[in-house]
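The following pair of complexes shares a single chain, subunit A, combined with subunit B in the former and subunit C in the latter.
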Partner chain A sequence: MRQINCECGHVNPEGTVLCESCGKPVEGNQHIDGNEGEQLLNMRYDGTARRSQTYNRTVVDKVWNFFSSVKVGVWLIVTTVIASAVGTIFPQEMYIPPNVDPATHYQDQFGLLGQIYYQLGFHNLFTSWWYMILLAMIGISIIIASIDRFFPLYKILKKQKPKRHETFMKKQRVFGRTESEDVDIERFKQNLKKQRFKIFEQDGHLLAEKNRFARWGPYVNHIGLIVFLIGALLRFVPALYIDEFVWVREGETAVISGTEGKYYIENKDFILETYDENDERFQDAIQNQGAPIPKNFQTDAVIYERVDDIVPGKEPELEVLKEASAKMNQPIKFEEFALYQASYQLNEFSEMTFKIHDKEDEDTNYGEFTVDLTDPKTEYELGNGYNVVIENYYPEYEMNDGRPVSVSKFPKNPAFVFNLYPPGESEPETSFLGIGANIDASGDNQYKLGLVNFDVRDVTGLTVKKDYTLPIIALGGAIFMIGVIQGMYWNHRRIWLQPKENGVWIAGHTNKNWFALRRDIGKAVEGTRIEEPVDQFEMKS
Partner chain B sequence: MVDMLTISSNLLYASFFLYLIATFFFGGTIRDREKGSSQMAGNIGIVITIIGFLSQAGYFFTRWSASGHAPVSNLFEYTTFFGMMLVLAFIVLYFIYHVNWLGLFALPVALLLIAFASMFPTELSPLVPSLQSHWLYIHVTTASLGQGILSVSFVAGLIFLIRQVDQTNKSKHTSWLEFVLYVLVATIAFIIISTTFSAMEYEATFQAPVNGQEAEITYELPAIVGPASGELLSTEAMSPLFSAPEWMKGQDAAKKLNTFLWSIFGGVALYGLLRLLLRKRIAASIQPMLKRVNPELVDEVAYRAVAIGFPIFTLGALIFAMIWAQQAWDRFWGWDPKEVWALITFFFYAAYLHLRLSRGWQGTKSAWLAVGGFGIIMFNLIVVNLVISGLHSYA
Partner chain C sequence: MKESTLKKKQKRLIFRSAMLLVMAGLVVFAVVSSLGGEDAVIAKGEKAPNFQLKKFGTDETVDLRDLEGKGVMLNFWATYCEPCKDEMPYMEELYDKYENQGVEILAINLDSTDIVVERFLQEYGLTFPILRDESGQVMDLYQIGPIPTSIFINPEGEIVEQVRGALTLSKLDGYLQQITPE
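And now, the complex of A and B:
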């Protein structure tokens, strides 16, 4: 490795732009930080040697240099921004109704553009491989760019000496000469200390510095981002993350999916409350809405733990673990799981009771029977010779080309084809019965079935979550916040003073907010007869 | 209860007028050549601004007590709050940099936001279950504060551009700058037009198919564009010039398009009128007022606003949002449009901060970025809510 000896005696590593000790520009290296022809020095990393600026021979160098470039980083971010915006033009697949075919949905709803959107795969943009790669590249770029800069910066700020080369002083953005016999350096130091500057001295040369820790802010926040990304990646590990769903009817107990049969939930009651339309505060809004506005969704539940060995087919032995209510924003938590109130189904039919009567006279009654809709029997013997056989059962029926079909297995709109065997008959009378439909199949039935009673109940839908990645993600977020605050709410400021035959030179540098730095210097020179330095920077546009 | 609401809206009116008066005082500081009296005007300006802010805070808390929840849950409440946070951000930056010109531009933007907000339904609305969480208030208020501070960067960027863009020749810069000003003017036009017709109690009712069912749609502005296959029911209303295309299916899609068209044309008319009166570009007419403003200081204020606003925005719009989403919807992130646009805002300002690290990105370029960032914030507030609307949709 080639080394660079500075006239101050310090030996610098290859690629150094400004001597680590005295800041003298190293001849022939000024192009690295774009200092040639410039009036002022580029002080971003104090002219220290960075790997990315020094080597560019091997493939590793080239990859390193690519990812450590802020320009590349910004391009990656801008590309992600544009891609993300595209992802919001039409709804993502997860937000379209679950029972439609996306292939036709996008075209039907959004026309040609929708079709193109679908065919390009933008309907799943945020889970697409190329979006993942973009995020991964940002992650890599953050890591490499940070390593490339952090270590050199850390070293140089440790090594810097108060005694600076003249050229370094003159080429600082804030610089001033004072020609006077009696400047009050003690007072200057006092003033600086009052502003919480730390003072370093070397042969009468001064370096006043504050908030160096703010320089580590970006690196801390980048670490936070990486931790966050790692947390997000870990969700792909099945042991760490479970996302399941369970439906439970009122009064029923169901095994909680995702818990391997270990936990059960009983739905004691599902409650849906709406806002009172007579509440004078909200009257107008409810009227404008035209429909009741929900106020609360809640499942009163009991969580059970299975205490016996899990054997298929065996009745589980359950022990109450806890009784709790799941509401929106208030999940039930037990062990490592959380149950979120996510969905519901009101007034699902649970039982229906029918009676047999004469077709012409509804007041006659030849017997009643009750069908349990979650578990209907095939045959009902009424005990007086009448038998009813369920030929067909449609839990949620719809007419499709004149024939009944069931669109789900949930008894939301049940319908039946009944075969009624009157006493002693071997040929049944067939009829179709649903809500609002009672059709005599042959047209010459003697009897008719009528609905006398029904029971309804609610069904609650809960998501089951187990998520060990949350603490990692939260940690990433916290580190990120600490880092940005550290880097944004404090600024690293340095002021140099160089004694001269007749007076002093002072120079100042900050990584941001130059007016604030000049205010600090203004206060520091008060009563010292040192002249306030000027800002030599001129904005180009 | 209702009394509280009256007090609340009166306090909002009061703050509106106080901001207006404060704007004039800040205006006075720019005209005045004398340092002393100009400082006096600036002091009065900031004091009135603070009183206005307190009055608006009064609006906020009285409305809170009237409805039982923090008033940040519909578009009116949210936008009003955003205006209030912009004022707060201005006050903070004023005390850091003591710059009067900032008030002259920040307060009108806040006024515009508040007036714009009151074009939306202002009645109290109850909270649906997913919104009943303290994290909602924490998330929305912090996010909004962050956006308010970031918006100060837009205000300073705009000042920078008006001050610096060469007005002797027509260029890309002058045209885009006029476009930005035109958008502000069109917002004013929207406010004037909406207020006028609502004062006249104008209504035009249509019957039109909405998602396959006949529904009644009531316009509060004369219909330039009617709903697709709609039929005008009101007898005294103007019949539409044309109909919205069939694919605009949503309940209010055609109505929103109509309002949008009114704003565009109203904006053109108002802008044209201004150009006729001023006889030069609007930016060129404001430019002389800013001659004494130091562009480097403006640039620093714009940057500082991002430096202060970015962490707060991240905390409110991403981190608190994730905590709330985790509770309400069992996932801290779901790629719904509102979330994605918050992420876009975050990425955009991150890019801004990184670009500022390199030379040559100070001044004009970063002023344009600040304008763009505000564009994204407003897009998220208005377009995403009214047009794209996902889970968060307020309106």
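And now, the complex of A and C:
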């Protein structure tokens, strides 16, 4: 390692811009901070050697230096911001209707641009590997850039000496010469102490400094960011974070997804309340909306714990854990899980009641029977000699090439093929019955079946949440905020005084708020016959 | 001086390498768990997770674990799924032949009512075992997306093949041969 000997006797490491001890600009290194030909010194990191800009031998060093660069960091952030913005032009895949093919959906909806969007993978941008890698690279850049800057800065501020080189003094932004025989240095020191400056002395040279800790603000802030990122990263660990969804029909018990089959939920009742249309206070709003306005979504539920060995598919042995209601923003909480009311479907058919009557006369009644749509029986004996056999059942029927087929297992649009056996007959009368359809198969049926009543039930959709990462994310946010406050509300201020044969020189430096620094100096020189220094930067412009 | 500089340099290299390794590890973890997370359990070569379901029309239960030593084909299907209707007859055709060779075909039905299954079996004249997964738990366990999906498990209980979509007779025959015990 090449070293630089300063005329003050201090030995500086390679890459130093300003001598660590006296601040004298090191010849040949001024280009690093762009000081060449400038009247003022660039004081960033007090001119210390940033290691990243000096060693570049192995691959490890090269990778390290790449991430250490602020320029690279800024580009990474800009790229990520642009990519994120592009990701919001068209909806992400998770927000398009669930039963469409994304390959054609984007083209149909958004034309050629949509197709390009899909083919480039922007429809899954925020979970794509390259987006994750961009985020990760920002994280790495923050860590490495901070390490490479914090330690040198910490060391040099710890090491700094009150005795400074003349060039260093002259090239400070705030600088002033006083030519006078009797300046009151003691008074100057007292004034500074009153303003909570710490005074360091060396051979009559003074250094007054306050709020050095404000310089650590950005690094504290970065630690907060890293903690935040780690918290977000831990969301991939199922032991710490679960975000699932469960549908439960009224009266049914379903396993709660994400709990590995350990917990079950029974939907006792789903309640949807709307604002009263007759209440004067709401009438206008309801009329504007043109439809009822929901006031409350609620699921009354029972949570069960499975107590036998968990084998999926096996009939579970359940024990009641708690009975509770989930409302908007008031989840059911049990163990480490929370169930949030998130969705619903109203009025799914659950029961249908039919009666047998003469084909020509609807007022006749030869008996009624009720079909439970969750478990229809194959045969219904009406007790008066009439028998009805369900020949076929279509929970959600559609016509396909003239034949009824079911497109799902949910009774959203139920239809039946009934075989009706009148008393004493062995040949049935066949008919097809659905909502808005009642077809006589042979055309010469004597009897007809009619729907007299039906029951509906609701389905509730609940989000299953488990989140242990939130405290970590909150901690990261708090540290981040502390760092911001530390760097924003306090300013690092330094004032140097150098005794001269005929008077003194004064120089000042701060990382921000130069006006307040000059005011501090103004107060400090009161009654000391030291002239107030000027802002050389303002003078120039 | 020279020696201390060397030592410093070595320390720096070790520190930098360690930091980079740790961070690279975290990145790999994040990317892998966000992309590959879903298919982690159900994949070729993985042990097929156990389940227990009732045979349709009986009180008899079937435990997958009890079938170790036999080849097992799982076929997830439903009566409202059109392509399923096409492949059911092929399973019926090959069932007897492979059952004698120690291969069990288990057709796991996802309907919610018994009557539709019963009528379907009558219409197609199916005789091989049908299991009912009304709650969809086994479907979730095997991360089944669109149906039909078939999973072929060898006598050691490992998943050999996962086929999405309908099978042809010759393809089905080929897969069943793969899982036939020696």
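Quick note on the criterion: the second predicted complex is superposed on the first by the 492 of 541 C-alpha atoms of A that agree within 3 Å, B and C clash if a C-alpha of one lies under 4 Å from a C-alpha of the other, contacts with A are read in each partner's own complex, and residues count from 1 in each chain.
Simple rule for what comes next: a residue touches a chain if its C-beta (ideal position, glycine included) is under 8 Å from a C-beta of that chain, and two chains touch if they have at least 3 such contacts.
Being a predicted model, the structure only gives us computed values, none of them experimental.
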Contacts of A:Y380 with subunit B and subunit C, given as first, second, both or neither: neither
Partner chain(s) touched by A:F270 [first = subunit B, second = subunit C, both, neither]: neither
Greater residue coverage of subunit A in the superposed arrangement, subunit B or subunit C: B
Subunit B versus subunit C as contact partner of A:F228, first or second or both or neither: neither
Contacts of A:G73 with subunit B and subunit C, given as first, second, both or neither: first
Partner chain in contact with A:F349 - subunit B first, subunit C second, else both or neither: neither
First, second, both or neither for A:W216, with subunit B first and subunit C second: neither
Residues of subunit A at both interfaces, subunit B in one complex, subunit C in the other: none
Footprint of subunit A on subunit B - complex, ascending: 1-2, 66-68, 97, 121, 123-126, 128-130, 132-133, 135, 164, 247, 249, 295-297, 299-300, 303-304, 307-308, 310-311, 314-315, 318-319, 322, 326-332, 334-337, 340-341, 343-344, 347-348, 350-351, 354-355, 357-360, 362-365, 384, 388, 390
Of all residues in subunit A, those that touch subunit C in their complex: 1, 51, 55, 58, 60-61, 63-64, 127, 129, 132-133, 136, 139-140, 143-144, 147, 230, 233, 236-237, 254-255, 257, 261, 311-314, 373-378, 390-393, 395-396, 405-410
Complex contacts: residues of subunit A adjacent to subunit B: 34, 42, 44, 70-71, 73-74, 77-78, 80-81, 84-85, 87-89, 91-92, 94-95, 109-111, 126, 243, 275, 279-282, 284-286, 288, 293-297, 327-331, 338, 340, 342, 463, 465, 470, 473, 477, 480-481, 484-485, 488-489, 512-515, 535, 537, 539-541
Residues of subunit C defined as touching subunit A within the complex: 5, 8-9, 12-13, 16-17, 19-20, 23, 26-27, 29-31, 33-35, 37, 49-53, 61, 63, 78-80, 82, 110-116, 118-119, 131, 133, 135, 137-138, 140-141
